[in-house]
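A, B, C, D and E are the chain letters, set down in written order, and residue numbers restart from 1 in every chain.
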Amino acid sequence: MSTENPANRNPVVNGALKLYVVLAYLFVFAPILASFVFSFNADRFPSIPLGGFSTEWYRAVASDPLVWEGLRNTLLVGVVVSVISTVLGFGAAYTDYRYNFLGKQIYLALALLPPTIPVVIMGLAMLAFLSRVNLSGDALAVIIAHVVICSPFAMAVIRLRLSQMDPSLEPAAWNLGASEWAAMRHVVIPFCRPAILGALFVTMAVSFDEFAIAWFVSGLNETLPVKVLGFLQGQVSPRINAIGSFVFVTTMTLLILAQLLLGRPDATKKENAS
Amino acid sequence: MTQDPLVSFEGVAKRFGTYTAVQKMDLDIRQGEFLALMGSSGCGKTTTLRMLAGLEAPSEGIIRLSGKPINDLPSWSRDTPMVWQSLALFPFLSVIENVEFALKMRGMGRAERRARAEQWLDRMQIAEFADRNISQLSGGQRQRVALARSLVVEPQILLLDEPLSALDAALKVRMQSVLKQLQRETGITFVYVTHSQSEAFSMADRVVIMSRGRIEQIGTPQEIYRTPRTRFVADFLGSSNIFPGTLQADAQGRAAIATDSGTFLLDGQHGAAGQAASLTVLDTRMQVHEQRPAPGVNAVEARMIGEEFTGATATLYFETPRGQEIRVQKSHEDLADLSVAMGRSFHLSWSPADSHLVHE
Amino acid sequence: MTQDPLVSFEGVAKRFGTYTAVQKMDLDIRQGEFLALMGSSGCGKTTTLRMLAGLEAPSEGIIRLSGKPINDLPSWSRDTPMVWQSLALFPFLSVIENVEFALKMRGMGRAERRARAEQWLDRMQIAEFADRNISQLSGGQRQRVALARSLVVEPQILLLDEPLSALDAALKVRMQSVLKQLQRETGITFVYVTHSQSEAFSMADRVVIMSRGRIEQIGTPQEIYRTPRTRFVADFLGSSNIFPGTLQADAQGRAAIATDSGTFLLDGQHGAAGQAASLTVLDTRMQVHEQRPAPGVNAVEARMIGEEFTGATATLYFETPRGQEIRVQKSHEDLADLSVAMGRSFHLSWSPADSHLVHE
Amino acid sequence: APTELTMLAWYGHAEPDMVAEFEAANNVKFVPKYYTGGDNMLGLISQSPPGTFDVILSDAEYVQQLNAAGYIEPLDPADYAFDEFFPEFQKFPGHWDGDTLYSVITRFGFLGVAYNTDALTEAEASTYDVFWDPRLTAKVGHFDWHLPNLGQMSLLNGNPSPYDIDEAAWEAVKEKTLTLRPQVGGFFDYGGTFSSLDNGQMLAFAGIGDWITGTLERSGAKVRSVIPEQGGLQWTESFSIGKGSAKADLARAWIQYVTSAQGQAKSAQMAAYPALIPNQKGWEVLNAENPAEAKRQGMVDGPGSAIDLIRTGRIQYRQLPVQQSLEDWNDFWSDYKGA
Amino acid sequence: MGRRISAYGLTFSLPMLIWQLLFFVFPLVFLIALSFWTVRNFRMQPDFDTVNWTTMYGRAIFWQAYGTTLALAAGAAVLTSLLAFPVAYAISFKLSDRARRWAIMLMVIPFFTSYLVRIYSWQVFLSDAGIINVMLGWIGLGPYGLLNTPGATLLGFVTLAFPLVVLLQLFSLIFIDRTLIEAAHNMRCGRLRTVFAVVIPSARVGLVIAALFAFILSFGDFVSPIYLGGGDPTTLSILITDTTKSGQQWPRAAVIALTMIVTLMAVAFLSIRFAYRGRK
């Protein structure tokens, strides 16, 4: 706390702590920054001292039709996944918010558990199952699998928002003559709008960086992160860095957009009103 | 008073699982009256209101509005608008959009509903805030928006669930008179749930006191204050001292009640001797003496154990040797003559005329 | 009263950024007294207490405990235990572990501190809950644990920051007498922050009224209630009607004050004519008449605009034609003779002897 | 729009340097799925509907498995220019089931000792025993697949036919292999192999050959492969047509193209990784186009050439274990890794 | 409210239920079935044979990998928690509101960078001729073998879990009632002692959950053990891949996967029980 009594403060301890925080952030950012740097390094196998400056890897990436196709798949999958996950997540969040029923614990477990299953296992189980029902091997399979792991995130984000909603807001709408559907359209959804947008972005970002499950189920229609895995396993090429930097910038943009939409000052102000 | 009731609850009960929130309630609400529902927390006031608004279904019994049973009508098909304690204003709509909401849901055209809403904003003196965000209003202004939002459909009845409890004291008093005046002018029946005795008593035509899902007493504020019908009501109002005991006649054959703290004379009230009952005495009607008072009044000796200072009056707390707590409320002027001190013994007295009898 | 003060604030100020929470405060706290700090929200009460406990550092000035400056002492080297409004009990410790905490921090052995803690649990009548979780206690029981936890080190001084504000009315009164008695028995100096006038006035030896970081008045409860020193204090206590005006002599040369609502006689209080001042009259000292009262008393005509029912007494709200609000507090008996009705005009009067003068 | 042809292959086979010409000529667009190991490939096929992959590239061992599992179509030998192939490759074991052809070989290569030229001389590296050299403690890498590694150990133990060994010889191979464990610095997939050789993390590697070191050499790394005195192993890559392919004709055309002399020369110089080619005419074309690379890989006539190594018996085929089950080998490999 | 579910309610509840039943529960159930299938001629065949279970459970390498994975994941959970705590503590208690918002923002960024890319990047730091050894060389030290060691695997796990653990710890520390800390100071409890006597017990649930997440993430990760650990020692995730290399042994891989799931559930259950122990 900034207002702490200086007599209760030890500058040495505080200084050491802050230094440690700086080191921790260095640790977190070292690999990210290094990959940026190496994405402009001319050598195929990065090592120091650095080779010359080069945008070769970006050019290689940009001229690789497979990368573009991967990007197209990723975007397609990302958009569809975010929409479906958000719809499912909204429904589940609303169910949890509004209803009580026998087996609700199980319902919630189903809705929230998938992200805790290791991706290798999820990927394996998904592939084994989807292939039995002839769904594996294309973008649809990736969409199905990603929705399974993304919808819990959407649910969490929207549930959080719903818990900020005055529980009498919806009954108030009914009481004023709105049917359940009208109240949903005119009250619940408008109230949740920032969280719905947030959920769309978060789920898109998760799908955007998921490679393990997608590797198993994507078949021929690989997404970009699966390509990256391929580059890492099959070629070791600084293209990884170029793609990584690109994906990073893209997801960051999504994140910042989400942040702006969620944290819009007048959205928070409105919230306080209820 | 012989006119048909606007609302009637006929044997209405509400259970949540095994818990009974409202027990077989019979209640008539008259056209145009201001009815207050009071009772301790959890006694079923809100549940009663919500059943009327169609937000809970009665487990048993029939609710009628203007004679017609409405049990099966969904909430949105009833004209029973409600004002919530939290107000439940729509934070994403402007003031006027809030007020228009009910009209929009009824399918009224844009121009017409805007006009109607503006008229009510005017009436509630908040027209200047029409385009503001709810968050930009003060508590009192929000209260008015909530009222306008419910009244805009010009209902026969308005339900209010502790609508003032979130306001500060001064604003509360001001809104009370706004509400009272509004009710008089519009003639709309108000059903008003409150925790506050002062609110209920100063606004309502009739007050319903509930306890554990049952109605304990219905009556005008005066009736209830002066003659609580049950021990619970006396306890709840908190303005009476209560002495549980057994009815008997005293040596002279006068009606009396034998309690733990002594035998006290009653004033013409009775029941069969030997019957259990409680004597209640308003705390403003008790006198404090340093010396034993003359006979003819009821008196008891007690040790002072506490004092509460509330500006105009002070409340003194005493305890009889038998452990009964007695409260006395006095003005500071009255007390000036006494050397009150914690732990000292005093004589407390009251006239038989101020004795009132309640049964369990 | 000539003994050395236990605590003294010498020119203590506290700024948060550019905001001054406490302004150059001089205050002596006497050994063994029960001192209440009152004032409206944000006036600096908690900040004052926290500076004493070492949780905030003064921006200026010196705080002494038993004569020694303690500004630079960290919180954990002072013996100034505090009772928080939220109680701040450790939820992960049992009742007795909470009480033992401070002793453990002082390095006291296991057996000894357990014995000491048990003794205090006994004293606070919560020994039976020793091994319970905090979450399993009622509000009043928690309060006692918090007290025991602070008192177990047998300090010279105890700081309490609105310790009862979370309790319900009945419990509050009961805990007040527990606290008062405890303070008397132990002789520990209590510094007690509260919002509640009734709490401050019924418990404290001296009351400090603060406003915007400044001390407005220090005195016994009686002094403050009857003779508020400033307009702020009168306003704050809320039991007086206040008429701002200018001093003058009336036609007969008697001391008077000219206000918006008329010129009123004073009783021997004065100041230079022409000086600005405010007349204050306790709301219990005002009379309500249907007819104009005889001259010799101060009187004003006003329209009734509200009524608040509070059991024993009722408060009536009036408004003069010039827009001044006047409050009158009366017992129901007194009111029985009046036909009070919203909107009607009445004459309000008070004797010059009940007039009191305050300066800004 | 061009017809899409799906190819399941190791990385590189559907890159422009290989397919651009064919795509342009036949109005075809390849859609590749690159795999990173034969089992990984089998897994993919088994989990995909029939007809998903038109062309499948695989190593000889997996052709057998693909065939056994019924994932590939029989081929007509008359369609392919086997007469241009070195005789050794005209009826390559594993690609035929009796007289039925299932797969056409397109490239091959040798597995020996890969080493860092700063750390070892060619002479030192010319025996598998070098892996036990104290200088290499924790510096020997394994390409993480049991067949090439255990085959090399079997060669070292003097088994003339390294995959066809009896129980006693198998026990001896296991015993010998286990003694190498302390020398091992890691078990790597293709990418890991690349980087750990390049950055000097590993100074010698078992189970690989020029297909890795050649690629690294091209970008200037100081690594080479040598066929040691105990002999080397041979890997192969061959094309098949996926069961149920709707574009079998195009698939056939591709295989014809890539096994033709022109296609073979291209294949030998594939950007992703170099390899030897079985088409004798292909050697000629390569020598005309890129004599240096032909020389580096040993695709020049005369003693010491790649085909000469085979003919002098220095090279054994890599294949599935004959007397033991594949599981036995794999399980031992897991145990070895965990030892 | 909340009585029976109507058509309206089902419209919202059913989609998630159906989706997760079809695409989450069924795959897991199928995984169970798969573990009893057999493989003939490199083809999986439906069957009911416990051979996969007996084979896998009968192999020393399985239990060895199990122990290794458990130890590495537990190590990662403990190590990450210890490394993260001072960061979370400093951010919660020592930074201004503005700096705290920034710190949280920055800590979210790693979630949006490819884990693969970060691991690949670490290789460049850790290799014998990598950044760290070159820098150590400047001061005359090394080179040290950092890459392809269990330590490097741990580093990868920490990379994976650290940001999440910091954030989870942070959110439990931020919500600690500050008056509890003041109350402790007020009762002669010094700074460091307050951390152990008040801060950690108060944040216990959050700290345990954070460690649990670190465990879950590390337990299933295959990227770090392969690319930083050099595949040595064998972890369960590597063993899954290895198992499939004896010709389509997916049923045996399913045995490993199911064992992992059960282990994770048990660990999650125990740690949540521990987290809430003695709480209402």
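Simple rule for what comes next: a contact is a pair of C-beta atoms (placed from the backbone, for glycine too) under 8 Å apart; a residue touches a chain by one contact, two chains touch by 3 or more.
Computed from a predicted structure; not experimentally measured.
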The pair of chains with the most residue-pair contacts is A-E
Just grab the chain with the largest centre-to-centre distance to chain C, centres being mean Cα coordinates.
-> D
Which whole number of Å gives the spacing of the CA centres of chain B and chain E?
-> 57
How far is the middle of chain C from the middle of chain D, if each middle is the mean of its Cα atoms, in Å?
-> 91
Roughly how many whole angstrom separate the Cα centroids of chain A and chain C?
-> 54
At what distance in angstrom does the C-alpha mean of chain E lie from that of chain A?
-> 17
Where chain D touches two or more other chains at once, by residue number = 43, 46, 189, 191-192, 195, 199
Give me the residues of chain A that touch two or more other chains.
-> 8, 47, 128, 130, 171, 180, 232
So which bits of chain E are touching at least two other chains?
-> 1, 127, 129-130, 185, 227, 250
Listed in rising order, the residues of chain B that touch chain C in the complex are 173-174, 176-177, 180-181, 197-198, 201-202, 221, 225, 237-239, 282-284, 305-314, 317, 329, 331-333, 342
Flag every residue of chain A that touches chain E in the complex, lowest number first.
-> 1-2, 8, 10, 13-14, 17-18, 20-21, 24-25, 27-32, 34-35, 38, 46-49, 87-92, 94-95, 98-101, 107, 110-111, 113-114, 116-122, 124-126, 128-130, 132, 144-145, 147-148, 151, 155, 171, 180-181, 205, 209, 211-212, 225, 228-229, 232, 240-241, 243-245, 247-248, 251-252, 254-255, 259
Given the complex with chain E, which residues does chain C contribute to the contact?
-> 53-55, 74-77, 80-82, 84, 86, 88, 90-93, 101-102, 105-106, 133, 135-136, 149-150, 153
Chain D residues touching chain E - in the complex, by the definition given at the top | 37, 39-40, 42-43, 46, 65, 68-70, 138, 141, 144-146, 184-189, 191-192, 195-196, 199-201, 325-327, 329-331, 333-335, 337-338
Would you mind writing out the residues of chain A in touch with chain C in their complex?
-> 3, 5-8
